[in-house]
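One chain, chain A, appears in both complexes that follow, with chain B as partner in the first and chain C in the second.
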Partner chain A sequence: MDPFGAAWLATTLTLATPLIFAAVGELISERAGVINIGLEGMMLTGAFFSFLVAWATGSFWLGVGAGIAAGMLLAAIMAVLSLKARADQIVVGVGLNILALGLTSFVFEQIFLSRPQAVLPVPERVAVPGLSAIPGIGQAVFRQPVLVYVAWFTVLAAWWVLHRTTWGLAIRSAGETPSAADTAGIRVDRVRWIGILVAGCLGGLGGAVLSIGQVGLFVQQISAGQGYIALAAVIFGGWRPLGVLGACLFFAGTNALQLQLQARNSVPAAVWAAVALVAVVYAVWRLRRPETRSWGTAASAGLVIALGAGLTLARPSVSLPSELWLALPYVITLLALAGLVGRVRMPRDLGIPYDIPYDREAHKV
Partner chain B sequence: MRPDLRRLATVDAWAGLAASLAAVALALLVSMAVIAAFGGPPLGAIQSLWTGAFGSTRQVAGTLSYVAPLAFVAIGWILVAAVGRISVGFDGQILIGGAFATWAGVSLDGLPGVVHLTLAIVLAALAGAAWAGIAAWLWAVRRVNEIIATLLLNFIAFRIVGWLVRGPLQEPTGGFPQSDPLLDSARWPALIPSTPLAGDIFLAVALVALLPLVLRGTGFGYRLRLTGANDEAARHAGVDTRRVTALALVLSGALGGLAGSSLILAGQTGVMTDGFNQNLGFYGIVVALLARNSPLGVLPAALLIGALLQGGPYMQAAVGISSALMSFTQGLVVVFVAGSVFLLRRRRATGGHTGVGLAAGTDRPSPVEVS
Partner chain C sequence: MTGLGIGRGRRAVHALLVAVLCLGATACGGDDNGGGASGSGGDGAAAQKKVGMALVGPRNDGGFNQAHYEGLVAAEKEHGVKGTVVENIAPGQPRVDALKNLAIGNDLVIGVGAEFAAGGLAVAPQFPEKKFVIINGQLSDKAPNLSVYFVREGVPAYIAGTVAAELTKTKTVGFVGGELIPPTKQSDDAFKAAAQKADPSIKYQTVNTGDFNNVSLAKQATATLVSQGADVIFLMLDRAFAGAQQAIEESGKDVKVFSIIVPRCETAKNIVGCATLNASPFVVAIVGDFVDNKLPTGEMKTYGVEDPEIQAFELCPEWAKQPALASIVEEQTKQINDGTLKMPEGV
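Moving on, here comes the complex of A and B:
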């Protein structure tokens, strides 16, 4: 299984980490009813300010803290505008992304343009005792920087909070039926405030992983659409923590594969086999249930399976220029969303401001 | 998910104008504070910004040259907003449209000037429309959220152009990631010699003038606005809302493609480079928001944003403040414009209900909008 070896697995886990943080944050925010397009901007500011502070103080963890704080600051702006001022959530998000791009580029150019490229040491990898000794995958999976483990823990925590605690119930009801939540005594806007702040916190943390966590440096627009892919992962994951984790791993896996394929002069047969395998899984998943069963799905999946199997056997010499390989993660994300139709349901009141009914508004002090 | 863009459009026009101006003033003030915080001269920076944008004929021409692409994008945004959707894919459409304009401009030799230029423009518009058509199809048929789809398509387009300028469209020496120079017959004639101001601004002004006519005076515009106001009611009235929405997205893509054609065919360098879109796809959205989705406001708002873009590099050279700050300023403008809606509504709704709360309860996402 040539391109899908331990190196691919390790790269996938590395690339998935910032996505997981950002997507889990976005998940909480969206379950509370707020769509946060500004996630990309939160990652970018998190990436920059964590780098800035880590560079200035020499402390990795102070940098991480600064990244989180920067993300949460943007989130607070988002919360004030979308909850207090009832501004359009998408418009505010677009504005925050432009603002974050300008702010990080500006401060970066003011401080670092006249200096040689600053490269910080990346955090050491920590081996999990016992598990890292598993032959083959042990070193790839269980010898990672601390924040990789934190990311996986965040998924579990999000699952537990969302589905096993009253807090989670409050969050879900704020996004699903805010009027019922309100009647039950839940302060909808307060829950949404918390949701946005969590998105900012984890988005900033994801950004910190991108810069100081993985490469030890900052380049302009380092987030390069990761925030948008995280948004897509929330949708693809069906607004459920484990689904979101799976989506992040899938997108990161494609990205890791793409990085490997760039260096080769032909696509290995194992990749075609993997394409066929994904199509098989997709077909089973769609055709199992009557409501998603269709001739179109069967035909298109069959075509892809046949094509993948044929190419696996024929082993043609196929290659792409590296620029086009770089587009692959975005293409796959789009295809994944397109293949999803009818299967997931978003929180019912996602993106809709909740206004307290005005007979009660009148009685509010 | 219903983007409530009506809130931008329904406020009183004069109050809206005042709020937009206040948003710009506030954004500039905050930017000046940031300049001061980095040890720059705030007033000197503003002064050099002004000089850079309007100080000489050449500078004014540079500022005006931004108006056409920004206005094309803004019209595209307004069209999609009218139907109640959001497109953020203009940068991708600019890139793809510009790439096709470049191909036409480089390779179709021997055509008379008018024909060549027209052909390149039409090709760019069609390419932009087709690129947006992917998002429209994904939305209408596969129920993919149009915001995410258009965003992802931007990144794909960026990589495609990155490949084109290093591959099929690269200049023959292969030394630089850029295209061959365009043939003169494919380029917009300069209105003022040796400045970037070209005839494309007339096309932009014409389309801005056409927009209210289309929105208010045609059956298509009516169906568009009906769908945007209440798609369920529109469906009951017999409007094929999916088709209308998809058509609006495709048309906005054509406008994005036109913006791309402007950057290439009216650009001063006459070559296509990596990332020639310069984020104008997003700055055009700033223009539309600053204009509060009103066609009347598009040209003045485009002039203002164009001035920031033109004056920025001059400011950088004069006082050493990076022109990237202008993107920050524009982000602030959007944030303040979005926030001002609250104040405006408050002013109108004297006591009690703001007029949107009840609607929020009934604005259920239609099945089409899932994911």
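Moving on, here comes the complex of A and C:
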């Protein structure tokens, strides 16, 4: 069976959905100039409180709302500390992650320690008429829970807002040149507040997907570092909505692939072919521009292409240990980020608090 | 706002940040404050021995960790010791730190699982006056105060493998494991060896998620195996077992599973049997050895299936009614115990 078949696609979409929500939220926050390391904590609190409310009320959508509210509450704390108090954004984010971990573990134990494990029903899948009938991939891609479609819509909405609205212009200005934005009458701190709240909202929603959206239960530390993966996705995506979507799908796809590859006795030829293809794409991307062209790039890409092509044709029976496959998503993440160092440009004032000039104090900005 | 107002406001917010971080640090770690194993000490019972237990997962995971925690609670009653438990210890340095912190306040430190093997080797020599027990750990000449009780979890998995060969219709059998520790590998190897010995035509597939409690990944891993035709799967998972079962349910296929540690027969009809580990008498026995000063030194104390009170492979009641399956389990248990059936190397 092809490792890149319908099962792989279905798993990719499932794993990508919480990442997409969290990463798009983080994108908005970072484009506004605030780096939100507390995203992991927002996902975790969103996961817990969505589960708690869904369990208590029996309503999935009330649970989703609670997850969003919990993420936004944590985001509000982030905003107060980083924007009002001008605390270091990274320190605040780390503190919030610790708070979220402790809070959710503590409350979970208080309520659920003495009870049998509660498992809630997961939402039904919704088939897209027509598209779900496409042979091969229809059922895998176009028969998903509603929140998967909402995630894709969120990406498109983020693109449209950032690039087609004045509000998006304000967000981008607040992150690039806040002094110019301020001069133009944009209230930079207010824009950044909203950016952080959006991150909290979508981070909490991503957490809700992890708990009640996909498995119907909560375990401590259910977010398992996905907030940090989402942060990496924003960088890998070049701070662009469609780039972030691609990054999330890439990370989820490699994670889904390692599950497929572990289950096989030898590495399929399709994997070697994919390695060669990625090397070709990378080589074309790097060599087409004079400023990124180099003999080193050409040689290394050529070697990988030759190796991949050779292994595809030879089809050796090679079995690799599980540990290697488990590490694969993280190794590829590191390689991807390393390859992009110096080649993507972050918002100019990311992570730098904006101090309102003294002569505008009278206008109560 | 004046500069003075901003300064006051900023100080207040800094104080709030410190308070929030302190709250978070206090709430982390999961020291028990409730019933059972207690987190507080120093109440004047100077002669009472203190036992600290470190768990990699939550104490209410319905599996490995919960079984050992309940053993500590039972040991408190039976041996009059005072227990402390820390849970959800993340990989790496936190596991070393957990053992160190427990050693400071306890006379015996129990690290539950091979995940604490390295930590035991590092910490035990630093506290020569304390006793350490690492379940499924490793011994060292440099740590004479370190004892290892090794539960050969691969042995019941071997019996499960033979049962799996009897049950599979698609001739494809799978294994979903969590963290890659020796018991996981032993169970995987044993399950595979037995299934393919009974029927060499059986195709075997393994997926490890790296975490016994990652529900989402276990669900995807199980879905992967089911999509590739596996109709009998050994689920070496704790909390993540629920995720695996969800994947099977959503597939709509007839897939049978084995569980570990705690039989979950009443939760689903597709659970054929369990590699049970009754950690309660096991932990009580360990604490009893400590209290009587009889902890093993120099060699591991191992458990296979010779004592069904501690470890066994058991069929769920409905499946035990099938004579062929019941006969396999009874016969193989007997042969393993009398030495006529040898386990694969490393199991």
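Note that the second predicted complex is superposed on the first by the 348 of 365 C-alpha atoms of A that agree within 3 Å, B and C clash if a C-alpha of one lies under 4 Å from a C-alpha of the other, contacts with A are read in each partner's own complex, and residues count from 1 in each chain.
Note that in this section a residue touches a chain if its C-beta (ideal position, glycine included) is under 8 Å from a C-beta of that chain, and two chains touch if they have at least 3 such contacts.
Quick caveat: nothing in here was measured; it's all calculated off a predicted structure.
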item: Partners on chain A (chain B, chain C) - clash or fit; value: clash
item: Which superposed partner A:S319 touches (first chain B, second chain C, both, neither); value: neither
item: Dominant toucher of chain A (residue count), chain B or chain C; value: B
item: Contacts of A:T57 with chain B and chain C, given as first, second, both or neither; value: neither
item: First, second, both or neither for A:S266, with chain B first and chain C second; value: neither
item: Chain B versus chain C as contact partner of A:A224, first or second or both or neither; value: both
item: Partner chain in contact with A:I235 - chain B first, chain C second, else both or neither; value: first
item: Chain B versus chain C as contact partner of A:T183, first or second or both or neither; value: neither
item: First (chain B), second (chain C), both or neither touched by A:V92; value: both
item: Which superposed partner A:G351 touches (first chain B, second chain C, both, neither); value: first
item: Partner chain in contact with A:F106 - chain B first, chain C second, else both or neither; value: both
item: Clashing chain B stretch [against chain C; choices 76-84, 130-138, 274-282 or 292-300]; value: 274-282
item: Residues of chain A contacting chain B in one complex and chain C in the other; value: 77, 80-81, 84-87, 92, 95, 98-103, 105-106, 109, 113, 224, 323, 326, 361
item: For the chain C and chain A complex, residues of the former touching the latter; value: 1, 9-10, 13-14, 16-17, 20-21, 23-28, 30, 34, 58-62, 88, 90, 174, 177, 180, 205-211, 213-217, 219-221, 223-225, 227-228, 239-240, 242-243, 246
item: Residues on chain B engaged by chain A in the complex (per definition of touch); value: 1-5, 7-8, 34, 38, 86, 88, 138, 142-145, 147-149, 151-156, 159-160, 162-163, 166-167, 279, 282-283, 285-286, 289, 321-322, 324-335, 337-339, 341-343, 345, 352-354, 356-358, 360-361, 363-365, 370-371
item: Residue ranges of chain A in contact with chain C within the complex; value: 1, 7, 10-11, 14-15, 77, 80-81, 84-87, 92, 95, 98-103, 105-106, 109, 112-113, 116-117, 119, 122, 210, 214-217, 219-222, 224, 255-256, 259-260, 262-265, 322-323, 326, 361
item: In the complex, chain A residues that touch chain B; value: 35, 37, 77, 80-81, 84-88, 90-92, 94-103, 105-110, 113, 179, 224-225, 228-229, 231-232, 235, 321, 323-324, 326-327, 330-331, 333-334, 337-342, 344-346, 348, 350-358, 361-362
